[in-house]
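Read through the structures below before going on.
Both complexes shown next keep chain A, but they swap its partner, so chain B is in the first and chain C is in the second.
Take a look at the complex of A and B:
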């Protein structure tokens, strides 16, 4: 919330028109939380917002103004009387069977109101494609970011201290971290009988024959790393129940309708008894597209009969939310002397981490996009997503596209260099145009690839460029 | 010695989910003073989606952006939406809003038609008035039409609708099909300087030209592109979660290095002129694709500068230096051997 010292107020008075500055200084007005507002209570008039037609206008954002004024309420800015704070205990092993969890010592601590373990979650699974993620791991923990128990206490510090009093007995299992090891038949299994949990094939023409007939064949392996979304606002939730058995949840989730379905499923209560409010999100980039701590907070709130808030630490945002899939990409491309692509064969291995999350969409988009925006008659793409005992990989800005683009565009330049063709020319020569056929044989419309290549080259001065 | 290089990368990117249905619904209510309220189940995640969605509702009703208040993100109030994911908001939710606003507008046309002595299909909503197509002089302020429709005809101007992009399932054995309804395209070109004694890469400039169909709000598209490039720069040169026995060893902003404003190069952003007839007013989307080609363009520029191909991201100074040393070694071996 906005609080200002007298000094700043004086400065503020000088900065804003005198007519408007009189109102707050002589007669403070109150907004949520009761703090006096020291700025004009009007969105400044702007032609971009008041003229017609509306489409095409560089209209300013009303929410942007509230961010700038510090008036946006993120979940961490919201609190309620008697509200508790939740903290989650994480697994000590990357792969282990949980034999026993003893929360009794934590519960005896003054200020600790409720604890919960995975065994108490009515339906302890969720996930957008496969429901393979536990709300709280039980009986198997599959990576170090798995929660195993949670505490609600009167302060964040007490909740954190209480986690240390929870005794968890583990039976460690053999972990596997490398996706190429995990893909082998004799590797330790993380879920079920195979670590390959999703695969995809795209097949067009006869890639083997076309490669054999190609005058030039290029092969290279490319690899990408695990990265985190790093939103400014970590994942955050508040839950509060009313006397009718209805729960209101404030969440940083980016997709509330489907989030409510998942919460309803895990809590085993009807959707009509859940109100899910998606607050202004402080950055998502794909990391806030499935439920995470909402059921934990809701259950702790029910148990404690108080509102409960949980805000991830930065550490948890890295280790217990999702991150981007590392890809291992093998590209083999056949071209003729003029640089026309005749065939492209691709193998993708996605390090999926401990749970599926948004891998279905990532492997789908990754495979379809992998040959690049080029007219290629013979295409073969095989992609495998593999479980490992590491942080769960999920949606992140591009669903596999930044990974495969790095590979297909690196190889385009390698081909251009080897054949002595300008990188712009080889792209224009092979690139999609209106009515091109995609690798899935879809007729493409409103294609603007070459327009983007030409405009970017013109703006950059590609043809005139000298190092 | 610092060496300059340039590299380009282009890309394509689909709008919406792969094959899976990903509908959005919307409700538009026009108030008696000619302002309107839009209900959407998506949430604002910082990209300016609510502003864009408001502009789409306003355009359909002939209003200005300021005339439309957008209510979002509350399952008790707002209709179904697949959510702020897959660069689908402008396209999918936008299309639902156009349909919903058209339904509300149709009620206004029905009410205004007898007053203007024409048929409803001879009317348009423009400049805050309902007017006979092409005849602004023959028109009534929208506020008057809403009041008439509500108080005299008894038909409040409210419309609800949904949209789902049509797709065809992919054949499980060949992957052939129509997994998305539309795609966007882009090119980014990087100008870099590589220090061949330290391996450090400095990006001097990136030119980014993107297709998003009609930009509903060009300023917000440009903002998306600038933000996407910063994520691309981090992916290319700095960011990497490091593991030891399954444990992240740098889960903090001290040891997980991200680009700051000081790492950002000069950016030149352009939009290609394009119109997709399946999108709201020709629009597609702009969220994710902005981050897609950046790393590839930078890697190609590094090769152009110092002749080494980085095949494993990120291209940290250490990794680039190792590649330069390997190249020098193999050149020496070739020369002496």
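Take a look at the complex of A and C:
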């Protein structure tokens, strides 16, 4: 195999544009009192925008060697002298008021150095859009994954045992799990007055009139399920609060600048006193895009005056990290006899789980992409994100795009089948092309949708299969 | 309890609590953190090591059960001069992305080639079925293992 560096070097020479320099003058010019440096004001013309020697070449990852040797240092591979291990007690109820937490029995256990509850967190709220998420739930627990107390002990096993000694008195509240129930006026409310916490409307043309005039109208409801990212490395944090009043946090977080803001808020100390080190991440996929146990571990370190490590169990990874939003999607589409889409009306209900997290991004992207990559004159999309007493939904690859894709492509197949049109044909007929307008009236460029469909169907033998 | 075993050819021992798994013993008592903990229930395979010629989930094996065994971990694959051919090919193929499944994946692959130097693609898939990877989609991993076995065959034929 040829190595990357030599490939690039040999091809690079050919890539230098052959035309003369685009500088205003090729003659060196020196004018007294003038600017001695001449330069063109256009963007440099570069062939690399259309072709580069890297394309088609095999590049080796700079970190591949260490991965293969098992030398990559993930958080759980880091430890410090006198380091403690933290475990978090999870709520017993999906929706409950915490009346009292008694940690005294746990604290008496030998090896248990510190405990903490939500009441001790300086500012017990965080979140990338709305700050509705507690570090440790108090006084209301809103799903089974909510932490209610945490323990730092000399070993992981002691910390786990100590959790059993913490007595929590709950007053159970009525939970709501179905987002369509949660939307109703008489449903139990999870935060404030309404369970709808974000909505979005997209309008283009007159969808009602166009549907009325459509020769064929199709309606169906589509649903998608929860999906957990399952990074092979569970979420992990180490915090060390030092004698200068500064805290150093090693975290598997993917967004450390944003994380530092949230940590600063929750700990109520300035960002200048927080050093957040993003370590090599063993898989993120969106699940490590906001803080999770960092403030808890930092506060346990402050209390115990020792470094503290907390690694999620696989169970916690499922219940207490974020997951993909389940969508309930109502699609109504009007088409003519040739299969041309005349109107599409969509209602999306996003099951948001207990807290907002990255719902803002998900509902935005989901709504914009909901009509599909098709030229439709009349579009109406309404989307609602709803709180339920379930695992918090947040960022995950695609931010809502895979959910709506399942719905609109399923419906395209149904329309094609009912009208007796080839499924490929109906997509080519309606698909975006260069300079098509998106549902939000953005002019689209570099649109290779139809070419891609044609190439793909040619390669997997669609026409032969149909024949 | 005192556990003595041979790890990567070296005699090692540690005094560990009886509930200690082989994984914990390797990582925390023998300072070999290359082997990873992913699920702790034997599902993901990221803790795979070779014990007496068999690839095992070290999170499920108590250290006491491995007493006197011959254990090979990811730290024992390369030597000071060369990478193991599997490590070399995994690197070339870009078979590891986040890398967390790598140590387990490589040990399963090594165990396969130790026992069956010329596996079919189906046998490679089968041997790696207990190792989950969330990044790569497995294609590059399988290609790399097949390529190593092809090289091994070419060498033995020569």
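Convention: the second predicted complex is superposed on the first by the 408 of 467 C-alpha atoms of A that agree within 3 Å, B and C clash if a C-alpha of one lies under 4 Å from a C-alpha of the other, contacts with A are read in each partner's own complex, and residues count from 1 in each chain.
Throughout what follows, contacts are C-beta pairs under 8 Å (C-beta built on N, C-alpha and C of every residue); 3 or more make two chains touch, one makes a residue touch a chain.
All figures in this text were calculated on a predicted structure; none of them were measured in a lab.
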Look at the residues of chain A and decide whether chain B or chain C touches more of them.
B
Per the contact definition in the header, classify A:177: touching chain B only (first), chain C only (second), both, or neither.
first
Touching A:157, do we find chain B (first), chain C (second), both, or neither?
second
Tell me which partner A:281 touches in the superposition: chain B (first), chain C (second), both or neither.
both
Would you sort A:234 into first (chain B), second (chain C), both or neither based on which partner it touches?
second
Going by the contact rule set out at the top, does A:63 touch chain B (first), chain C (second), both, or neither?
both
Partner chain in contact with A:314 - chain B first, chain C second, else both or neither:
both
Quick check for you: in the superposed arrangement, does A:191 touch first (chain B), second (chain C), both or neither?
neither
In the overlaid three-chain picture, which partner chain does A:303 touch, first (chain B) or second (chain C), both, or neither?
neither
Of the two partner chains, chain B (first) and chain C (second), which one does A:74 touch, if any: first, second, both, or neither?
second
Contact residues of chain A, present in both the chain B and the chain C interface:
58-61, 63-64, 230, 280-285, 314
Chain A-touching residues of chain C, taken from the complex the two chains share
17, 19, 27, 33-41, 43-44, 46, 73-75, 77-78, 83, 86-88, 90-92, 94, 96-103, 106, 132-135
So in the complex, which bits of chain A are touching chain C?
1, 58-61, 63-74, 76-77, 157, 229-234, 280-285, 311, 313-314
Can you list the residues on chain A that touch chain B in the complex?
43, 48-64, 94-95, 143-144, 175, 177, 200-204, 220-228, 230, 253-260, 271, 274-286, 288-289, 314-315, 318-319, 323, 360-361, 364-365, 367-369, 372-373, 381, 389-391, 395, 397-399, 401-402, 405-406, 408-410, 413-414, 417, 423-424, 427, 431-432, 438-442, 444-449, 451-453, 455-457, 459-460, 462, 465, 467
